[in-house]
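Have a look at the structure below, then the notes.
As written, the chain order gives the labels A, B, C, D, E and F, with residue 1 at the start of each chain.
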Amino acid sequence: MNCFELAKMTWEEVEASLEKVRLAIIPVGAHEQHGPHMVESCDAVLAEKMAVKLGERLFPYVLIAPTVNMGVSLHHMNFPGTISLKPTTLIALLKDMVSSLYHHGIRQFLFLNSHGGNQSTLDVAVNMIKEEMDVELFYAKTTSSAKKAINKNVKSTLFGHSCEREVSEAFYLAPELIRIEKLQKGDIQEAGRWRQLRPGCALQGFYHYEEMTANGCIGDAQLANYEKGRQIVEEALDTLSSELIKVLKIEEDSIIRSNR
Amino acid sequence: MNCFELAKMTWEEVEASLEKVRLAIIPVGAHEQHGPHMVESCDAVLAEKMAVKLGERLFPYVLIAPTVNMGVSLHHMNFPGTISLKPTTLIALLKDMVSSLYHHGIRQFLFLNSHGGNQSTLDVAVNMIKEEMDVELFYAKTTSSAKKAINKNVKSTLFGHSCEREVSEAFYLAPELIRIEKLQKGDIQEAGRWRQLRPGCALQGFYHYEEMTANGCIGDAQLANYEKGRQIVEEALDTLSSELIKVLKIEEDSIIRSNR
Amino acid sequence: MNCFELAKMTWEEVEASLEKVRLAIIPVGAHEQHGPHMVESCDAVLAEKMAVKLGERLFPYVLIAPTVNMGVSLHHMNFPGTISLKPTTLIALLKDMVSSLYHHGIRQFLFLNSHGGNQSTLDVAVNMIKEEMDVELFYAKTTSSAKKAINKNVKSTLFGHSCEREVSEAFYLAPELIRIEKLQKGDIQEAGRWRQLRPGCALQGFYHYEEMTANGCIGDAQLANYEKGRQIVEEALDTLSSELIKVLKIEEDSIIRSNR
Amino acid sequence: MNCFELAKMTWEEVEASLEKVRLAIIPVGAHEQHGPHMVESCDAVLAEKMAVKLGERLFPYVLIAPTVNMGVSLHHMNFPGTISLKPTTLIALLKDMVSSLYHHGIRQFLFLNSHGGNQSTLDVAVNMIKEEMDVELFYAKTTSSAKKAINKNVKSTLFGHSCEREVSEAFYLAPELIRIEKLQKGDIQEAGRWRQLRPGCALQGFYHYEEMTANGCIGDAQLANYEKGRQIVEEALDTLSSELIKVLKIEEDSIIRSNR
Amino acid sequence: MNCFELAKMTWEEVEASLEKVRLAIIPVGAHEQHGPHMVESCDAVLAEKMAVKLGERLFPYVLIAPTVNMGVSLHHMNFPGTISLKPTTLIALLKDMVSSLYHHGIRQFLFLNSHGGNQSTLDVAVNMIKEEMDVELFYAKTTSSAKKAINKNVKSTLFGHSCEREVSEAFYLAPELIRIEKLQKGDIQEAGRWRQLRPGCALQGFYHYEEMTANGCIGDAQLANYEKGRQIVEEALDTLSSELIKVLKIEEDSIIRSNR
Amino acid sequence: MNCFELAKMTWEEVEASLEKVRLAIIPVGAHEQHGPHMVESCDAVLAEKMAVKLGERLFPYVLIAPTVNMGVSLHHMNFPGTISLKPTTLIALLKDMVSSLYHHGIRQFLFLNSHGGNQSTLDVAVNMIKEEMDVELFYAKTTSSAKKAINKNVKSTLFGHSCEREVSEAFYLAPELIRIEKLQKGDIQEAGRWRQLRPGCALQGFYHYEEMTANGCIGDAQLANYEKGRQIVEEALDTLSSELIKVLKIEEDSIIRSNR
């Protein structure tokens, strides 16, 4: 065993792991449309894969909790198959998970999130759980810290959903998510409020995803490939693991010796 | 494609499937200790496997929703690794799922549940959702309708959790859940309130699982095997699919022709 | 006084009783249609009568709380007069009751329930209250433990609601609930989903009671009589009191000496 | 039948009654200490008795719903036996009742309340239910409109809880609530914040009842008698029924002819 | 500084003040129509002004929290501009405020309320907060304790909303709230249920304000003036401060010496 | 009147304004420590001032709702005087406001927020309200769109709370918020987790503000002045009003003609 995945452990194995484990990583995904070329569990699968890779790098100090396989996806609801949780449902779920793992002795938590639409809810969850429990709570987007690799590899102007970047990550982490024969550019809508409301704009607000793209994806997924994905994922893992080492207050050597 | 698994479909594929699909099966599992010989995701995995097999039998009339991979497991909380949702959290989650799928046009739902501890919450969920939405709601234990096969195959007096029956099911459906070298009998506690509170007793009530069994399992898992599992699972699938055919108001032939 | 009924006691009497009392029995009924031959408070009255009789047998160790006179009856809502609580309302009510009695020093509780439609909600209530309070919680159907007497006396194929069994219980416990001149068989509907969804069937689910019976009752209430009721009730009381004696950890003699 | 009491009716009788019934009276009581000389169900019983008497006077235009037999009694919690609902629980219960009766066609409701501690919660309930349902909602204290009779008959300076007035009402309506041999004056505490916080004072606020009276009652219950109770109750019924006739928009004659 | 207004203090100043402060006054207003001659923030402004004046009289023992500038105003919703909070929202807000100030060491609280429609909700809030926190909670209408001055000065039969009394208070405390050129009598509706439901009547219940007055005010605001307002406000301040001195358990001299 | 401020209008004036008004601006602030040199209502006052200035620029098409004067400030709770709302409370409050204004005919809303700690909650609020009401919802930080002016004027490395930028804004908009004689640099803590968790870092998470700065402010407020504030505020107003003109779908000329 080179990663503590709760889903694959017996209680005796968990009990043994808890002698070393300090932090639980809770993978948080979504179940939502990802254009014509990715399946709807995309975010859930990528979050889980990233969590396990991160768990390997931080073995034996972290434990991977079960994956939260649905998230806040109201803006994708008009594409068939999308399932959206109310933010309060997601918060309740995370609170129950933290509370259960707290019972087993864990006091540090990372919500490792692959879906932009969950970020605000995670921030609120952190506030609400912190008010009630004496725990340390973090959250992170799976690969957004891979700034260099993204800068170098992603050529599309728009990216962030079933795009050049995400499809590349999937090529590296979970190619079964991709319908290669369907890879296509986002069918971006010229008109519409969405241009006013993108991240960084003066106004933020709710818009349905189909106002922005008729086929549900953005950027040019045809430019995606395994190598781009590898670079992005590995840089993100480097950054996240080095940040978590500080949070865990452990010596980097103690990890390398045991795991790599 | 011989089964509509939402997690493995793009939105265009979902859109096409909705021309035929009438009912969504929502697999409901748990994340909890399963003794020294089964991993903690056992119920989630078995519910999902059963749902897919049922989806194959009822193709193209049903769709398999993402799996609810945690459930109500308060009674297992004293075994390391168990995660328990509050019943209200599970109900909120199911309600959001039903509500999202309703938006896509589905009006019939089956919660296919592998964990006894969820049954009451599912019954309450059915009541609460029914009060608010015009849908048809069913729930079922994955294999408890396999009465003949269970009767014939299961020799242990006690069964129901990481037992002869459940391990057999796993041998057939998901052997990766089993630690074969660890298979053992339940370490049943002689004393204790649990004997008074088993299903069918005059009193029902809450007891911690360790009051009943020190190693977290019951019956004799060493008697489990693939063939027992096959018979139990297949009888359950026969029964469930024939019941669902009535509910779907379809002709059995229409399924056989398309799928088997 | 040979039974501690909270509704009939002053605070000074309650204070004195609490020197002996260990467990509170909370009678849980319903307010719902019971066919043309029983009044709608049937379940509330029977639960209360049973609770008092049980309280007499376990005097001075138990105390009878006020009766919960409405329950979860959504499936009966299409018959005039039925009142249904949301499951969350019933849980809130029980939690406030347990919490208040906890304040007075009681740590063991039995929800004595006469209405099948409440069972799941009671099970969920037990889970939710247990998670927040250090108490011992039990629930029981009023007479379902009278297996022998039911087997021997009840001739109707279907029973469970304003039926041969329930009317018999009322003849013995509260004949004022019965309109003798109206006693009739259930007007069972041949068609309909209900046959698929009865207890023990592969599928469970919600159906309106009028889908099963046009007059709101089942079985043949014309076969009901006082003696059948006496045998059923007394066997149930025997069973329940002997189970509670174990839970109370008292000597049976200590009761007999004080009360019978 | 000269009063439509839902608890005593079959569904067929309810169905027939609904041809005339316009308004439902929901009796709201409490379960709380009433000094050494009244039992704890006092408020619940008196509310129910008053409701029935009012129902007789307004027959066949009103229907008496099941009694809410517990209320908001936090201030009495330090006397053994008191059960207190959270205000949100009481509101949920009332909302479910109104909503169920709305389903049966009723659009006017009176919460007939015997317990001062419920008044604010009833007012809030009225606001909250009104925001969601198109109904007409009223609430009233059972006898506080009997201003003349109270003025004439009640000699105690303080009254309002297990006092000269309330015990008199019980002598008339339900003498079984009284421990005649225990009748006594309230054991009023000289010091304490309560004097500052009585109705009509500049400040309102929470105080425990034992801060005001050591034995849990106020005024001089020894001055209570049947005749005082009769005058108070009958004046209240006169007032309430004449107010309700206006609300019902019926002719007084139509009642007299049918009922008295 | 002769009054501790939290809104106007830095944290260092708050820290210093907390050496003396015992009680926090939370001004509670509303945002609702006040007829053609007062602006909609009327209640919020008057509550704040009263709180500050009271804070000056009780300096340095009390602290004025930020003003709750919206309240429960469902009955005014049909007049343009009114904003109404659900009672549960107002309670949540007050609970968060009390809880935050509790964290800073305060244990006594006064909700100083200028809007009749909030009274019941405040009473419920007091009950609900008291059940969870060990604090002392009071509430008061801003000027209703000025019984003599009101009796002497107010000539209108009806008063209580944008009336002779309230406009007078505004002349003294915040004349900018008044449209002097628009001062007018309430346009009282002869017919309608409201007469039955006024404070003190046998029935209480919900009615829309326009059922009572077509222009949204009552009484004769043309009779209002500064001097009437001064007398009412000053008597109320006298009464409230003398009541609070008892509650604070301080010597009156200690205030006079420091502040006046 | 050159700006529709709800707090300063009578219902008749609101009614007239609604002929033109399309969008409501809800100023959202906070009540929290702002270092030794700003008072705790800082965010509430600045949000309100910005809203009014924006309302003037968009007259007569927008209306300014009452200010939400407290927000989510858990991270500041260890500085005396801070009041923090639970995110769910803030969402409930905003929902009630939107719902009330919807009743008056408004369908577009901007939450104009001055406090970073509210942003996630506002995003969640937008999602939750959108799911229930057919409205258009936007939110914006008051001045963060003034990118050029901030870039040009702000010299401090860190800014964002009682800093060079915010104090400059206050010099221009509300100098009474500033204790000029107390202006000082943030007392930044070298050690601590906060450096890992700043906006843009790989990890996000909760930290108490005192972990970052001992005096509660950051950057160098001594560099703040009126002119910097003017440039920042005016650029933000330019940007926001031009964005809102698009959202309002009005001609810019129609505003200029009527207002400027």
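Couple of notes before you dig in:
Here is the rule we go by: a contact is a pair of C-beta atoms (placed from the backbone, for glycine too) under 8 Å apart; a residue touches a chain by one contact, two chains touch by 3 or more.
Treat the numbers as computed from the prediction; the structure is a model and nothing was measured.
Listing every chain that touches chain B and chain D alike gives C.
The fewest steps needed to get from chain B to chain E, moving only between touching chains, is 3. Of the pairs listed in B-C, A-F or A-B, the one whose interface repeats that of C-D, with over half of its contact pairs matching by residue number, is A-B. Where the sister copies chain A and chain F meet, the same residue numbers recur on both sides for over half of the interface positions. Summarising the inter-chain layout, the chain whose CA centre lies farthest from the centre of chain F is C. Centroid to centroid, with C-alpha atoms defining each point, chain E and chain F lie 27 Å apart. Note: centroid distance chain C to chain F, computed from Cα atoms, is 57 Å. Chain E has its Cα centroid 49 Å from the Cα centroid of chain A. Residues of chain D in contact with at least two other chains: 86, 88.
On the chain A side of its complex with chain F, the touching residues are 72, 74, 86-88, 110, 119-121, 123-124, 126-128, 130-131, 136-140, 144-145, 193, 196-197, 201-206, 236, 239-240, 243-244, 246-247.
Those residues of chain F that touch chain E in the complex are listed here as 6-12, 14-15, 18, 31, 33-41, 44, 65-67, 69-70, 77, 79-86, 88-89, 92-93, 95-97, 100-101, 103-104, 179, 182, 216.
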